[in-house]
């Protein structure tokens, strides 16, 4: 191979090694799975045989390459066993080895390539809110399992009842309890294929009860998840507010308890775009932190945008209690407001803050002159 | 054309130009779409051929007219390019041009008129809670996308498994992965058409798992939306309370922070109709703002109704601490109550309010005498 | 008729006139509707022809009788026109007149009796939580209508697309837009009968999008209703607490604002059964109100049960600050707790309470000696 | 029988008697029900006839044995009648007697064994969150019943309308109101088997309304359950916090009201793993209780883990206001924080705490030296 190709490959390998999902990996998953889908559709495959084969092999090569690069990377960092036993490592290994192993073992190619559907598992770590979802499922696992057990009990009781009532009339479809179980699952989940349907009056009454229970199971399930999700969101918000607070230089010196304190003192204000937050020359009584959105400070001669995480109005807390400029939102914004009163309480509780504040006041005063 | 007709058209055009949806536009959308539906139903069309054709052309003419009027209006205001690139402008242009373009391009008339279904898009800006819904979808997009990705992963994994298990038994329906994907979507959404149904025991077990996952996906989705909707409603309520507060003359002089302050001091009271809120000659200790509903003040010689946004009981905060009249609700009402104590705190924090209050007290006293 | 029969009828009429649903009315609705159902089922009707006819006529007679009794009752009270234009009056009239009118007009009896299904409407005013449900629907009508409009838009767009894609392949089922609309409703609600199913690849993709939109619509709908219901429940709880408070003699003299005040000062304690709430001879620092459940006071020589609405521990607030008896819950109970501190604040704000309290203290002291 | 066998049986009996579900019972339920399912599936039964019979008889014997052991155990404790009338006792009796009774009465064996599905009821008391679910259903029974009544009303009205509209066109499927009721239930629950489908235009419009009502019923149901579940979770959390508080020696002497007080003063902090909670030599201003998770105290020379229910940082409240060691979380943890200020308020309200605290301070000081 020529040198530039090798160096390009090396760069590519470096990019691949560290992160979980590169853009190339997303593309490979998409292309690979779609090619596999085409492979199984005879007319479509006949029309594009060459391309499908090339794309599948290319994706497989990419995943093997990715896996080898990561193995080397992890070996160098001495985390090989950790990586190989992690879920990401297992998914990478399966993605690289499943199809070749099947081919080597003599499985018919069309069937062997079906295993490439496992590549979709690679997307999992890239899902944004997954950790949040998992926490909800873990925290609410108690009631969710209860509902699942009730679900299974209803299915068993209903399918035996339905088998008893329908077996003589419809021996084809209700001829055994397993067949009746199939009916019960399709009914209780309100899927209702219609391939197996009770026809005796009593059988239909049992079925109606199962359908209504289906609504109930559904409602409980959703209710539990909704509750868990609301709690998780609240918790997330607290952590985010806290994080925002801890980024502000003023509060850097505070311990977790004081930061929690500050977090509870903050009031949240949701403002529409183009609203004046601070009017020049008015009495200043609070400091604002931008949790989301953007504000514009109308300084003499220039306009300054402040984005997420920034704060303003702090001069009022540092002696100069006349607002020096108009400040208005440019987008829908969420501001965190700390009142002068609460600020004083905070300083009383944490006297070490006073020095930080004096230093900050002097620095800012110099900067603005 | 005769003069009165022209002037009527001009008036109509003026009404059409400014607002998004006039009543005429709603009627045109309804009539047009229903006519198009009739057009495709052969027996119904044969019976009313003339009317359907006239109505369709009339609606089309109306939308072309509306579009031209708006184009002229926007050109005059110098916002032509803004309008044409806005979603409303695009919908207007599509509504006016889609069907004629198709007819001109030689598309068969019955097919060309199908494009008139795009007229329903004109209704979008008129939907009342749309902004709220959109905000929920935007704010919760993270977890919603996670659920969608999980949804897709389950669909791909399940359909490959089902294809593998059923292809030999039912080559007609499970003969390719795309066919199995169709089954998976219909099952995971619990739609369950029943046109494609697994029949092998293992295939049915996979299907049962997919159905139960369907309940889970559903529950997560609903839980996320319910949580987002609750948060959005809370935020909306805060903004509404704030708005109500900022309309009261007392608080006009306050900045956003102080208004937020007041908003947090307010207690909400939900009262049934015909409840006495203030009894004459009792000790007055709070001021009431009407957030929703209506109250009746039983003044000597006359009864005064106060509606949304009004306030009462303010005399008690201005020195005269005996209630001067009975006040009772006439409808189910939501009142905002500000206690004397909180009112004093507020004045202590914002001394500029004191002057406003004195002035107000004098003005009201003069008015009542 | 003999005298006793007439007097029994008169008594029955009196009971029927005033209330909306007597037990007899519930029975008549149930029996009447089930008889009507049997009437339409030929084999069942043949087997029990005589009984079904008798029961139907008996129910009809009862409802006519009920209607006439109410008409007379309302005429006597001068509320005839009010009653006849009320929804209850219309339902009563329809229940009494619909079937006879149809029979008189020459409608075939089996069809005429179908109208007796309207009797189920009589149950409406007896549904316990109906007012609450209606309030939720009214308050959330904005977003709910938005979702409904989006629902209709998706249905129209999808059915035209599906008609265009499937009409050539399946002229029987997708031969007109109305037929496609039928498919779209059954799919978007995830009902999925399976009588009309797209078979072209593009048609199936559109269908998959419609199914997923169905989940979304469902989720939004449920989210809105859940949020509205939670708010309604909170409001209901506040009203109930308030009601409980206003029943306590102590607070009878307070105005609504002070009662709201008290309501906000109360802490709710949920206690399991057989928990000791007050231990004899301990320091008393609060008064308890029973919002739900029951407690037992272990007085010397006797045990006294206190139920919903009662209060205990008030002696501690009236000078005698040693608890005089053990108090424990007998059921899962919700107690409202008012702390001594809050009680003092309350008295400071409402000095008129002091006198009430002194009087009460003396009355109770006399009673216990 | 040999002695060791008898003694093993006695031990087994003792383990069985007291607890509701032993591991053996779970296994027996699972094996028994699955064997019964196999029994009804002819090909599978033919293949494993001997094993299925043995397993079924073994499970039955186990349940009879379990029931007899419990009867003896309860007789000895004098709670026989209580046990026999309890739901657990009835389930045990049914599990032991149903199948033998049926066999004795001459029911065909395959049918008699179907009754063994009742064994799944034995699992009920072992479901973790069942009490919580039941409380939600009980507390929300009012609105849930309302929705059920509305559900039934819609079903009756819709099925009569559909019977009237479809009976002439489809006498096979819509030939009676009971048949139409079957359609209505399958449609309103959005199950949609597709065995009974309206085909007239008006019939389809009614069906569309029923489907949309189905979404509404579903949404209401879920909304009610979600609200109830959220309230139940809040209540549970309060009880858990309270329990945690009451376990701390400091608060052992407090009455329920004071504990509720403390519970309300606590702030909850959710911390990720490996976060420093207390930094050595900083100012201490609060005490922490571990509600969930674990922290590590980095004492000189050793690291101490503190788990759920433990507390730390209490030295700062007992005079020594410099933190003595780093404390960091080892897992995601939920800490309850009580501020110095609130602690002082608490002591002011409950002076008896002061002595407890002094004693505790001395004990801990001795231990650490």
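Order of writing sets the labels: A, B, C and D. Residues in every chain begin at 1.
Just so it is clear, a contact is a pair of C-beta atoms (placed from the backbone, for glycine too) under 8 Å apart; a residue touches a chain by one contact, two chains touch by 3 or more.
Just so you know, these numbers come straight off a predicted model, no measurement behind them.
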{"item": "Chains touching both subunit A and subunit B, listed by label", "value": "C, D"}
{"item": "Duplicate of the A-D contact set - from A-B, A-C or B-D, the pair where over half of the pairs recur", "value": "A-B"}
{"item": "Farthest chain relative to subunit B (centres taken as mean CA coordinates)", "value": "D"}
{"item": "Between subunit C and its twin subunit D, rotation from the CA superposition, multiple of 5 degrees", "value": "90"}
{"item": "Separation of mean Cα positions, subunit C and subunit B [Å, integer]", "value": "27"}
{"item": "Approximate Å spacing (C-alpha centroids) for the pair subunit A, subunit C", "value": "39"}
{"item": "Where subunit C touches two or more other chains, by residue", "value": "178, 190-194, 218, 222-224, 226-227, 230"}
{"item": "Residues of subunit A that touch subunit C when the two form their complex", "value": "190-194, 222-223, 226"}
{"item": "Residues of subunit B defined as touching subunit C within the complex", "value": "33, 36-37, 40-42, 111, 114, 117, 120-121, 123-124, 127-130, 132-133, 136, 148, 151, 178, 182, 185-186, 189-195, 217-218, 221-222, 224-230, 233, 267, 269-272, 275-279, 282-283, 285-286, 337, 339, 341"}
{"item": "Residue ranges of subunit D in contact with subunit C within the complex", "value": "142-143, 145-147, 149-150, 152-153, 156-157, 160, 163-164, 175-178, 181, 187, 190-194, 197, 201, 204, 207-208, 211-212, 214-216, 218-220, 222-224, 226-227, 230-231, 235, 238-239, 255-258, 260-261, 264, 349-350, 352"}
